[in-house]
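Common to both upcoming complexes is chain A, partnered first by chain B, then by chain C.
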Partner chain A sequence: MIYDTIIIGGGLSGLVAGVKLASAKKRVAIITSGQSALHFLSGSIGLLSAVDGEPVSDPIASLEKLPENHPYNKIGAGRISSMAGEAADILKAAGIVVDGNAGETRYRLTPLGAWEPTWLVMDGIASCPHPSKCPWRKATVVNFHGYLDFFPEYVADGLREAGIEAECHEVKLPELVRLRKSCSEMRAASIAKILRGEVLRKLAIELNALGGDSEVLLLPAVIGLKSMQETEELQAMVKKTIRYVPVIPMSVAGVRAQSMLRNYFEKLGGTYFLGDSVSRGNFSDGRLESVHTANLGETVLEADDFILATGSFFSQGLVAKPDAIVEPVFGLDVDQTAERTERYDKNFFAPQRYMRFGVETDKEFRVSRGGKTVANLRAIGSILSGADPLKEGSGAGIALLSAVCVARKLITLN
Partner chain B sequence: MDKTESTPHYDVIVIGAGATGAGTARDCAMRGLKVLLVERFDFTAGATGRNHGLLHSGARYAVTDHESAAECIRENMTLRKIASHCVEETGGLFVTLPDDDLGYQATFVESCHKAGINAEIIDPKDALRIEPAVNPDIIGAVKVPDGAVDPFRLTTANVIDAKRHGADILTYHEVTGLNMSQGRVTGVTLRDQRTGATRRMDADLVINTAGIWGHGICAMAGIKVNMFPAKGALLIFGHRVNNVVINRCRKPADADILVPGDTISLIGTTSSRVPYEECDNMEVTPQEVDILLREGCQIAPSLAYTRILRAYAGVRPLVAADNDPSGRSISRGIVCLDHATRDGVEGFITITGGKLMTYRLMAEWATDLACKKLGRTAECRTATTRLPGSETTDSDAPVSHGKRHIIELGADQKAALGRHGTMTADIEFADSNDALVCECEEVSVGEIRYAIRELHAHNLVNLRRRTRLGMGTCQGCLCACRAASILGNELGDRRQALTDLCSFLNERWKGMLPVAWGQTLVEAQFSSWLYQGVCGLDPKVLPAVRKADRTSAECDQMQQSVK
Partner chain C sequence: MELQVKNISPNNFEQCIKCTICTVYCPVLSVNPDYPGPKQAGPDGERYRLKDPEFYDKALKMCLNCKRCEVACPSGVKIGDIIQTARIRYDHHRPGLRDVILASTDEMGSIATKMAPVVNTMLSLKPVKVIMDKTIGVDCHRTFPAYAGRTFESWMKHKAPDQTVYPHKVSYFHGCYVNYNYPALGKDFVKLMNAIGYGVELLDKERCCGVAKISNKLISQATRDAELNIRSIRAAVAKGQPVIGTSSTCIFTMRDEYPHVLGVDNADVRDSIYLASKFVHELVDEGKVKLVFRPDFHRRVTYHTPCHMQRMGWAIHSVELLRMIPGLELVPIESACCGIAGTYGFKKENYATSQAIGKELFDSILNASVDEVVTDCETCKWQIEMSTGVPVVNPVSILAEALDVEATRKANGL
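So, the complex of A and B:
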């Protein structure tokens, strides 16, 4: 099977690159295990919220402070703004509605009641331009009885800090009590599977019965696993505005986003190899010719270009060994510290050097192997080195923008 | 800050709530003495919570230290009865590897028999059948009555029983001085680690059970006891690699014991001398990790590809006898000092040396001496009276046998029964109390609330020691915030609970850092991302960590910032 581009990894960056290439009528395949860091998404997408520990209010204006090998610098500060707009448009085209724009920071409410600076916030997730400019005077935080992955009192504390009156209520649904009979099932994704149809109508009745004079109901983000249908249905039945607060993963918003991007990709004609993984590649003359996968055996998949979007340690795109960090699929060159003691800071909350590790790439995101650039293999997303996605609040932003950047390049090349 | 208030008069004040201190408080209270047990941090915060959790048969000491071996096997048999809910009767093996001298086996077995330890030479093939994880290349094997003991449960049970017999307990109270009058110790001065307030407590007798820190307590009375701080490092693996304790049949050396415990296995230990000043903050070095892993793989080859959950180290409270730099050839024997006869200081006893296995015997010796000094004549009953959690109406059947048949219980209740034995009856499981906080170890909301209300749990580290919260494969990643939220609501201070959450995450990371590769790094990265990303947790905007809740990692950072 021959493709224009094969993308290895079906997380945020792989899917967005796939959608963009497929939109340009390219023959694209995505090879993915099916799981990705998207399943653990917070419900918001950060671009850049801090540099060297200093918060930034204007992400675009702060790009110049980033180190030279930072992915954003490879994209080029001048192009970030237009690419950010394009990335947001791709999400919207897939049906993922987002609030926010690249020039300004938004604040998302966290399950522990903090206000986390970010860029794009997914539809329905509670956020505002600034905690001091929240549109609500009074909010009701609603939790499901016996659900432990959402902390209503803490959310209420966070609201009060922003000058909003807050009260907490619990809703008891018999269908969810049954779920708790196998204790470990009371988790976001399982609840989302139950909160639909008749149960959703019961929930609406409970919510309407709460009364009170608050303008908004804040619920744990555990509704709508596949599409926005359930959240829209619920809002239609409930008088007050409903907003959602992220919970301890699995992230229902993340699973939904992945599902919507995948559907859109396939609708555009892309090929999606689900439940498969690339086992090795065939290299020749500094190019990757084809790849073998776990499921296809001796059948190889060929392409003009390849994109590696396998993620960081968490997604197994990088694997840490006692003496080295390796890229397990192709054995690519990895930016890393030699001594294992130097990888980590003793303070869990300090910047950790290992977070910056990733595959080495040139200015066009081409990877290298044994010190030599591979001409047609590019890396995108959190497998890239040079950024601290957590401390910068840049993880999802890098995933989106490096995907758009590389896809643009491949479209203009061929 | 320095407000001093007067308080009741005690017969005995026991300093240090490790196993020995808790056991001594129990024994004193059972003999009718009015007791106060004081601890500067939490129960088991020292060496008690930082060892193998091995129910020694004594075989390990049989060749080198007959007395310790004989004490061990006697206490081993006692603990199986009085602390059955803390003990797992796994059995143990002493295996000879191709590089080891098989000739040692005969000496070993003979010494075991002399000490009263039932050691039986078996065919290496049978050893493999008993324990498939053992290195298949072994050339010799001996079966011994080793087991596993949970030091956290054991200590807690002793504390609870002491309380039931009228003892008072103060955790997070540090002894800042011994009150002296005319060459006699008359009590202690305590600082409340939470409020900073100090107060004097009077007693006829003070018993020092502070382990390695007993050195400092003695110094407060101008007494010098040469403690020998010997650091021992261990690794915890992500699941039960073995179901039977595996020892190496040779003279005691590094990393030659692999012990199963609850959901995990432990390999250890190393032994190295450390300065007394470092005892408060033990860090495991990369060299120690490498030794433990290399030697461990010799005993059980599958350790090479088993996930390592964390590394930790404790300090053995040995009393220095000679200049042996390894600390191995000196006795593990019990040292009971009456400072009146030794140093001319009346009203003060130190009990030290020994080991977890002999905590009860140490307590008995100390209490015997205390009674003698106080002119009391009560008999010791701790060897025959079952501990709370191990009481059973069926006279000889240990709880652990019965519990396996209770199939109608939920997972959380079964797990709680394993941890708290008959005390599980006090845990509320109704309504939503059955919701699981810690999925790895099946700890429910009800169990967490029980620990907060009944077991002196004030923070997440305390909860971990009482319930195994956060001890499983996720190392607290998913359960820490759930437990913090319950803690915040139970104690009525949500902001402080978030500070405590940060503290707990730092403590978990400290143990993961020395082995942060493979899945362990994945877990750490996920934790960072979950707490700092999704939850936006930032210690900088939270209240300061109370001294009482500080983890060793934070103490370390503070020391560095002072430097």
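So, the complex of A and C:
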């Protein structure tokens, strides 16, 4: 089968690149082994919230403090703003509502009730432009009876510290109590599957009955697994404004984003192979000609250009072997320290070197193999080297921006 | 470090990072909180069972073996295989009469075809259904697929001489359904293959693929049948003939369940076992074969991806073939389990779960307002037809109907 572009890995970066290329009428296929890190994305997309442990208020002005091989420096400060705007537009086109603007810091409410800097905030997750400009004077934190992955008192305490009045309530829905039969399964995604239709109406009645003089109801983010339909329906039935607070993953907002991006990609004519893995490639003359997958056997998939978006250690885009970190599909060159003992710091909370490991790329995100650049294979997302997404709060931002950057390049090339 | 290398299990169970992604996609867990879910039933439970078989939980029999969990798992854990192997190893409950009857498709089929009119009438009578429901626990809502008066095998005997004239040959694994219930599909297959220059032969001997016996734990019979099938397949492959089937479940069972669940080695012939749509699509894709369609064929259809098709990652072949038919309008729907899972949905205790699982799919099929649903699996066909009233056909039958046979023969130099 022949495509213009084949994307390996269908997480945030692969999907966003796929959507942009498919919108430009390219024939695109995404091949992905399993579900992605989006399932853990708490509902906020970070661009850059700290450098060297120091909080950042103006991400673009802080780029120069990042290491030279950082993905943002390859994109360049001049282009970050416009690409960030475009990335947000792609999410919106797929139906994912986000609050926030390119380059501006926004603050989201954490499960511990603190305001944390981030960039874009998804679909009704509680956020504000600045903690000092919080729109509410008093909030009601609501939990579901029996649900243990959300801690309303923590949230309330945090809010009170920030000078907001807060009270906690619990609602009891028999349909949810039934979930407690299996002690491990009263989880965000399983609740979301039940909070629909009639049960949602019952919830609305309970919420309206709470009364009180607070301006906002803060609920755990466990509604709307496939689309925004349920959150919209609930808001339409409930008098007070509803905002959601992230809970222990599965992240319902993340699962929803994954499914909405995939549906949009397919609607644009893209082909999504879920549950298949690229196993190896055929190279010639410094180019990748075609790839093999586990399911397709002898059939090869050919394309003019390839994008590697297989993620980091979590998704097995990178694999740690006893003697080295490897990129398992093509054996690409990986930026890493030689000595095993230098990969990590024994202090768990210190920045870990291995977080910055990833495939080596040139300014255009082209990878290399045995020291030689592969002309038509580019890497995007968390497989890239140079960033510490955890400490920088930059994971999803890098995935989005590198995807837009590479997709733009491929559109102008051909 | 040596320990790391040695610590690898056949089902990858030690690779589980407890991310819980699999639990989001399990159709049973979504509707039935009594089921522990893939993570708990699979890799988590396995750790306990390895310590002491007493930890075996009989709720594992609720697993549909749909493998949607495996498709979702980012760590490549063979969750479904772990569950099925545990059922075989630790569940010492002997299958009852009903399970034996449901699983013995070959034995029942060969008796029933001889008396087809009587058996069909009997099985469709209300009182008979009620008796079966009350005595052996076959749910009375179910409609049994009708038995044909003459088996496909006996039809093929008369066709054998015609098949020798073609330049290429394939062996056809027809399966119980084509043989006893629906020879028309087998005939469509022969029509399609002949039109592109392929003669069709039967295997020396063929038994049921064993999927029903595996799920009803008739393991020694299933293994005997599997060994016989693999011997026949080997003989065909030795003659240079690939082995092709028209049921995704039979093909999946022979390719993957034989080695993973029954321990029957098929490594030497696995890649020669095809599904018809994959075989034909690859020939067309490689330009070795041409299909010419009738200009007067018009149909609005949707493609339902059977779970095992999703696991094999081959839905793309059927979809791409359908897209080649000019008069066919393909309406995309989101892939979801139909709930029948072979003999599972026939059992009284599973009927409600089975229909609840399928609801999402039935709703999207009804919303799509199509003339027909296309799918590669016969049990999905029964379930969808019973639950939506929309007729369901195999892609091979659509191709055979839409094909301009004379023009196709000419285009392929016949």
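The definition used in the following text is that the second predicted complex is superposed on the first by the 413 of 414 C-alpha atoms of A that agree within 3 Å, B and C clash if a C-alpha of one lies under 4 Å from a C-alpha of the other, contacts with A are read in each partner's own complex, and residues count from 1 in each chain.
The working rule: a contact is a pair of C-beta atoms (placed from the backbone, for glycine too) under 8 Å apart; a residue touches a chain by one contact, two chains touch by 3 or more.
Computed from a predicted model, the values in this text were never measured in an experiment.
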* If you stack the two complexes on chain A, which partner ends up touching A:P322: first (chain B), second (chain C), both, or neither? -> both
* First (chain B), second (chain C), both or neither: which does A:F348 touch? -> first
* Is A:F314 contacted by the first partner chain B, the second partner chain C, both or neither? -> both
* To do: Quick one: classify A:N263 as touching chain B (first), chain C (second), both or neither.
  => second
* With the two structures laid over each other on chain A, which partner does A:L390 touch: chain B (first), chain C (second), both, or neither? -> first
* State whether A:E153 touches chain B only (first), chain C only (second), both chains, or neither. => first
* Asked: Regarding the shared-chain residue A:L112, is it in contact with chain B (first), chain C (second), both, or neither?
  -> first
* To do: Check whether A:H39 is in contact with chain B, with chain C, with both or with neither, and answer first, second, both or neither.
  => second
* Applying the touch criterion given at the start, work out whether A:P249 contacts chain B, chain C, both or neither, answering first, second, both or neither. => both
* To do: Could you tell me which stretches of chain A are touched by chain B in one complex and by chain C in the other?
  => 40, 180, 184, 249, 314, 316, 322
* chain B to chain A touching residues, read off their complex -> 286, 410-412, 431-432, 434-437, 439, 442, 444-445, 478, 481-482, 485, 488-489, 494-495, 498, 502, 505-506, 508-510, 513, 516-518, 521-522, 525-530, 532-539, 541, 553, 556-557
* Structure fact -> As the complex stands, chain A meets chain C at residues 1, 33-36, 39-40, 178-182, 184-185, 187, 189-190, 193, 225, 249-250, 255, 263, 266-267, 271, 273-277, 293-299, 314-316, 322
* Can you list the residues on chain A that touch chain B in the complex? -> 40, 42, 110-112, 114-116, 145-149, 151, 153-154, 157, 180, 183-184, 186, 246, 248-249, 251, 312-314, 316, 319-322, 340-341, 343-344, 346-349, 352, 354-355, 390-391, 393, 395
* Okay, in this complex, where on chain C does chain A touch? -> 1, 4-5, 17, 19-21, 23-25, 29-30, 33-37, 39-40, 70-76, 271, 282, 285, 310-314, 316, 320, 332, 334
